[in-house]
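Two complexes follow with subunit A in common, the first pairing it with subunit B and the second with subunit C.
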Partner chain A sequence: MIDFKFWKKSSKTDKKDNKDKEYAFLSAVISIVVGLLVAIMLLFLLELVAPNSDFSKPILGIKKYFTYSFTSTSTFFKIFYNAAPLMLTGLAVGFAFKAGLFNIGATGQYAFGAFFALVAAILWQFPWWAALLVSIVAGAIWGVIPGLFKAFFNINEVITSIMLNWAGLYLANLLFYNLPAMHTVLPNRTDNLAFANPSAILPNFGLNQLLNTSYINIGIIIAIVVAVIIYIVLEKTVFGYEIKACGANRNASLFAGIKTKSTIIFTMLISGGLAGLAGGIVYLAGTVEFTVESHLLAMGFNGIPVALLAYSQPLAIIATSIFIGFLESSGSGLQGLYSYEMTSVILSVIIYFSAFALIVGHFIKKILKRRKNSKNDQDNETSSDLGIVPEAKPRDDEQIDQKEVVE
Partner chain B sequence: MDIVSILVSKTIVYAIPLLLGALAGMFSERSGIINIALEGIMVFGSLFAALFLTRGITDSTLAATHPQFVVFLAILVAGISGGVYSLIFGFAAIKLKANQVISGTALNIFAPAFAILLAYSVISLGVSSIRLPRGIVMSPEIFGLTIDSMPRWVYTMFFSSLYLTTPISIIILIIAYITLYKTKFGLRLRACGEHPQAADSVGIKVVRMRYIGVFISGILAGIGGFAFAMANGSNHEPDVLGYGFLALAVMIFGNWKPFKILFGALFFSLFKTIAVFASTLSFLPSFGLVKVDNLYKTLPYIITLIVLAFTSKKSRAPKAEGIPYDPGQR
Partner chain C sequence: MENYIIEMNNIRKEFPGVVANDDITLKLQKGEIHALLGENGAGKSTLMSILFGLYTPDKGEIKKNGEVVNIKNPNDANDLGIGMVHQHFKLVEVFTVLENIILGAEPTNLGFLTTKETRKKVIELSEKFNLRVDIDAKIEDISVGMQQRVEILKMLYRENEILIFDEPTAVLTPQEIEELMKIMRVLIKEGKSILFISHKLNEIMSVSDRVTVLRKGKGIGTVNVKDTNINQLSEMMVGRKIEGIEKGKNKASNEVILKVENLVVPSKIHKNNAVNDISFEVKAGEILCIAGIEGNGQSELVYGLTGLEKITSGKVTLLDKDITNKSIRERNLTGLSHIPEDRHKFGLVLDFKLKYNLTLKKYFQEGFQNHGFINEEMIKKHSERLIKEYDIRSGRGANTIARSMSGGNQQKAIIAREIDCESKLLVAVQPTRGLDVGAIENIHKTLVLERDKGKGVLLISLELEEVLDISDRILVMYNGKIVAELDPDQTTFQEIGLYMVGAKIQDKFKATEVPAND
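Take a look at the complex of A and B:
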């Protein structure tokens, strides 16, 4: 079973870790800068192929994109409103990464958590905290299945979770249609929580009325608390040590007496629970309703860049999720000029570069060492100008090489 | 009789993108690269083929006189754009030894977003789907037949949604089989997926073989995306509704073997078609549920999971798939 006993780490490993973290931080910054540059380049390239080219349009678009979040309190608080579920899905992905598992099924677990949070809220009239617990359980159940397949049949968790993403989507749709009490007003949309069950809406302590927005709620605080708990579990407990050992080398940890099978299962259970909680937080905010979907929800996938940029470190995930949350809310600023999907372009490039960022980080470091005496390096400058430096301070934990994340 | 012929026709037309996608996955995985980016590559191929058909062909006389030749050109465009796009993935996965699943996911997220942005710029803001021109269906006249000369159900079954991709993908399947099992190249490709170090030791250029594997994969997936666009109501949409992932399932179901993949594609497509027609097929049990089609939609995925669980011991997955090639490793 899970051993939450605290353990003391020797300081010997710390030195090597700090060095790796420098690379990690640098490569995260590079990924972000390149992501933004590619997106900006793409805007100009699109003008080239457009029927009536107008090169002031991309400049206006860029300006709107980066200033949109600061135009009103509503758009500003939307950053944190977006960041809360991103933090949790990022934690879900990152937590699985630590055990060497790639939880690409976070989107399915997120959808399941979201749906059952609403079932609890509307059908069973649960208060918000109980509905959140239901969302955790639902996500965990959907998340543990790939874990079981991995542990008992040694089937790659990526394949099983992809299958479960789609199966879960249709299953949620099926359940939705067969629970008519969930959608008494519109056929394809759950009832608004404000009418169905106001006690299920996440509390905002009256701040929404005060600041004239609907995007403040307790969600971001829950997410940060969860991030700290995950940090403690990973860094200070025996269970966390076992997870990381499992991720670093499964055979070696099995040889050392770690029950790798149960570690995998519990990791996926917790990872699924985190993704499920993310779903609960979004749909219990009272701002969106669950609709019948024919696509996988993007939120689960966006947890991947959050985790990758933070190198799966829980406290760094707090920073990166706020950054990605900023990008997400900025997408709306492009309305009338470009599509909201600009954010997806930036995110995908970030993911792409994160996939080999550690190598790029080492490479850049090498170049920098050669020019040690030159004034300062450009990358750090540009990124701090944009105000997007994730606070990836050195943490005392072990770095899992990205190459080993998925076997 | 009518419903059966519709079912058969739809099953075939939807099996084609799955077949091509799964063969694409097979070529990549046989060379040792897990190509999870199939979904994105399909969107990419479909996008450029659709743009080529609607924007590129300005010479309308060619389109009017030889519509199938234009479709053939569009298939080439789809294949090439898919192949080029897959090289972006290949560069990260092979040259930079990046995590293949993560870089594949990046391509999956990029493609639909790019498709929307490009369509907004080229066509007009807010329009993301591209209507393919009419007349891309292969009419019986091409084969010297007329609609009146055959029974109605024959027409429905074989000609109502017959596209050029259907015969081409059959040819591709046969070529794929021959390439993989009857040529030197195929043997080398498979060696790279099983034990790249051993392949290297006998002089096979693993990196080059893997690039070729990924490139072939991209070509086939690109064509598959175009086939999906034609099957799906002759409309290019900025996504292929999970067919890339389903193709991966078909590939696993078919145990990485071409003809088993064909069987898997037909089987999965049958379930998809049944799901679409679930409300009109009276012989299907509804279990007292509304919108029971959603239940049938889950079946291909659930069946894949069950098959995976039972065959994991016998699975013939390429041994080195997903592992970046490191010449120094034993």
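Take a look at the complex of A and C:
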């Protein structure tokens, strides 16, 4: 029988654990505020250099930006429509982080998953759930390749997955051209699912008509359920324990008898599957079609800031992805005032400055702690168990000390 | 009035759950070697880290030459001429010796490194103080002893005059320790002042002038080494008398626990084999010790046995089961426990809580997990028992992050975990490294107790005293081969020493060289 006690918080929660969580939450919020402020400053700056400055324009822009999502059911539900795939790519990246792996290949796995979901839907006439499963398998296959290279030849997963990003995208394009049955209407675009296979469109239980929006479907529910499952896997299961041990010290894990190679492979398999599922959810919504792309899809990369802002914690990823989904949805509010490109720039500024502020904040905190080390600030391991890009930050106090002497 | 170069007055430092330093006063005279003695977790490293600017004290003042100074970070310490060699070295593994020495004080001309003069300066320093280093070798390729000399050169290069050594001898071979003692004496002659942490009382007696003793965060007192003796010091330190251990009778039976046949393990550093055709047996109820100078293949032998490294050829049998090609987990479950040489690399997941480290070899067993789910309750209960039984001291008990624990207590945690596995074979590599005398006594007692329970213990130690004290049988390893089998009751330091440096080989081991193995 399954022991359901794992739901209960074991023992009294630790004071310091809570402090860590508070700290993580606060720094994420502050980082986001910093990102927003930078974007607003940018808008004013633009006005300053424009030929006929009109400072009411950025103010109006900000106002529109923050209210737009709440002007109609369509714009409101678009938040969640955007958040679902972000959540899944964020989980893909965050899950791999926990094992000490940087899955920068989520975008390739996403493209692969998306394409095969459509192959399943259009060519094989699969129902939506089966097509989603196909997208998971496709993403997992594309994700496990860097995992295999890492495990057996110790080749850095960042390098292999960057290469596979392009390989994945172009392989999808190639297959697209060689499968004319997928694009009978337009040469560069898959057929609309509404005609090609309505049963492959994600169900919305009639809420579409009721709320008068095409942006509502089961995708967000699936994503949240997956996030909770990933949380349970990481925090409550033996497999999660092994993943975290591998991420924190691969040698000690090996020593303890953990099969570190297979842990790496399984982690990448799951990570890829999550990214693939994200692709499936987007393209089975029936709102967009797959087109031949010559650029890597941004969705996979946006998973990185989602995971970063959430400190790779699955439950926090639910929140950060909805937040970034909101930012994306609100971008349309600037239409008319700013060009489409400008809107993308603003969005990227917010996302990336938030992530940037978070990382900088981390270093400042570490350094402050060394300097000051005031009475209530001695937890020198806060950042280590957060699981941000392991390679990108000094993992040992040692390196930090090294740095300090350097100055 | 005496002339103090450094005064640390009434220092207090609290960590969550522990007062690491409680009103400690330490005065360092110019030109003396001042030892700092205390049990594991007594607060020695903390006190020295405060002097080096890594921590700020909650209370107390630091004076240099009678003037109050404010040391906020290691740079301030460096400006005041204070340098430190840490308990766990802080070198950049992939940099060369020279690069490590100048790191942070790089001499530049128009932004370009000017290494020529520096190189000269470093070579001069190393000759002056007799610190042999391989200036262009990468840190990862040189021995621990040489790494330490690099750390010392780093301080000298920065012209530090107050040198802190945090347990410098814990990782050294007896020969290297001798050498370090000499170096320290030379440093003093050159006008440096030294603070020296060690658990080894004979070292303290032989090299230092005065010694300050800490116990559980409190200063117990400072004494002149001339006026004291080892017994008094150990009593001051642990608050009770230390008896030597009674090894008792060798209870070796005929049951063979571990059988190693013609084992060959390749070396990572040179082309030859690190372990070259070794065969031996560990019987139930004996402590078999492999003695030897560091780097003669002992580490590789252990890695080969435990599965951490691939072997070239040979056969390993554990409890009549051929484990030569088995996974590490299978070996462990067959009955192998291993206290590793490198506690940070293999022994602990430093960023995990203590309780997860204590269950690193148990978490997958029924009870610790149910249907793939970790049973937190069980993990907590189990680790709390070990913490109590093995007296593992830390700020927040089972929930302490391993990284924040004192070096000795980290070691105790590993030992607790490994012994608790109830394996028939216990491979212990330098198990008492970095432990205080009280703890060493406990470990030795535990090893003897495990032996008396009928287990086989394979002890790899560089310390002859330990070897002679607790082993039932000694094998000496030299250059990847076994050169002697000795009875600890019949042999002497001198005799083992001769075998260790390769000056002698017992006849029965000479024979094994003839038949060529393929």
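Worth pointing out:
Keep in mind that, in the parts below, the second predicted complex is superposed on the first by the 319 of 407 C-alpha atoms of A that agree within 3 Å, B and C clash if a C-alpha of one lies under 4 Å from a C-alpha of the other, contacts with A are read in each partner's own complex, and residues count from 1 in each chain.
Just so we're on the same page, a residue touches a chain if its C-beta (ideal position, glycine included) is under 8 Å from a C-beta of that chain, and two chains touch if they have at least 3 such contacts.
The structure displayed is predicted, hence computed values, not measured ones.
By the touch criterion defined above, A:N154 lies against subunit B but remains apart from subunit C after alignment on the C-alpha atoms of chain A. Judged by the touch definition given at the top, the superposed model places A:H295 against subunit B, while subunit C stays out of reach. Contact with subunit B, but none with subunit C, is seen for A:Y177 once the two complexes are overlaid on the shared chain. With both structures placed on the common chain, the touch criterion links A:A256 to subunit C but leaves subunit B unconnected.
Of the two partner chains, subunit B is the only one that A:M342 touches; subunit C does not reach it. Of the two partner chains, subunit B is the only one that A:F356 touches; subunit C does not reach it. By the touch criterion stated above, A:L46 is placed in contact with subunit B alone, subunit C being left untouched. Common to the subunit B and subunit C interfaces on subunit A are residues 402, 405-407. Residue ranges on subunit B touching subunit A, taken from their complex, read 34, 36, 88, 92, 96-103, 105-110, 112-114, 116-118, 120-122, 125, 128, 239, 241-242, 245-246, 248-249, 252, 289-292, 294-295, 297-298, 301-302, 304-305, 308-309, 312, 322-324.
Those residues of subunit A whose C-beta lies close enough to touch subunit B in the complex are 42, 46-47, 49-51, 102, 104, 149, 153-156, 158-160, 162-167, 170-171, 173-174, 177-178, 294-296, 301, 304, 308, 336-339, 341-342, 344-345, 347-349, 351-352, 354-356, 359, 402-403, 405-407. Within the complex formed with subunit C, the residues of subunit A that make contact are 2-3, 5-6, 10-11, 14, 16-17, 236-241, 244-245, 248-249, 251-259, 370-375, 378-381, 384-385, 397-399, 401-402, 404-407. The touching residues of subunit C, when paired with subunit A in their complex, are 14-16, 54-56, 58, 72-75, 78, 88, 90, 92, 103-104, 308, 327-333, 338, 340, 345-352, 356, 360-361, 363-364, 369-377, 380, 396, 399, 401, 403-404.
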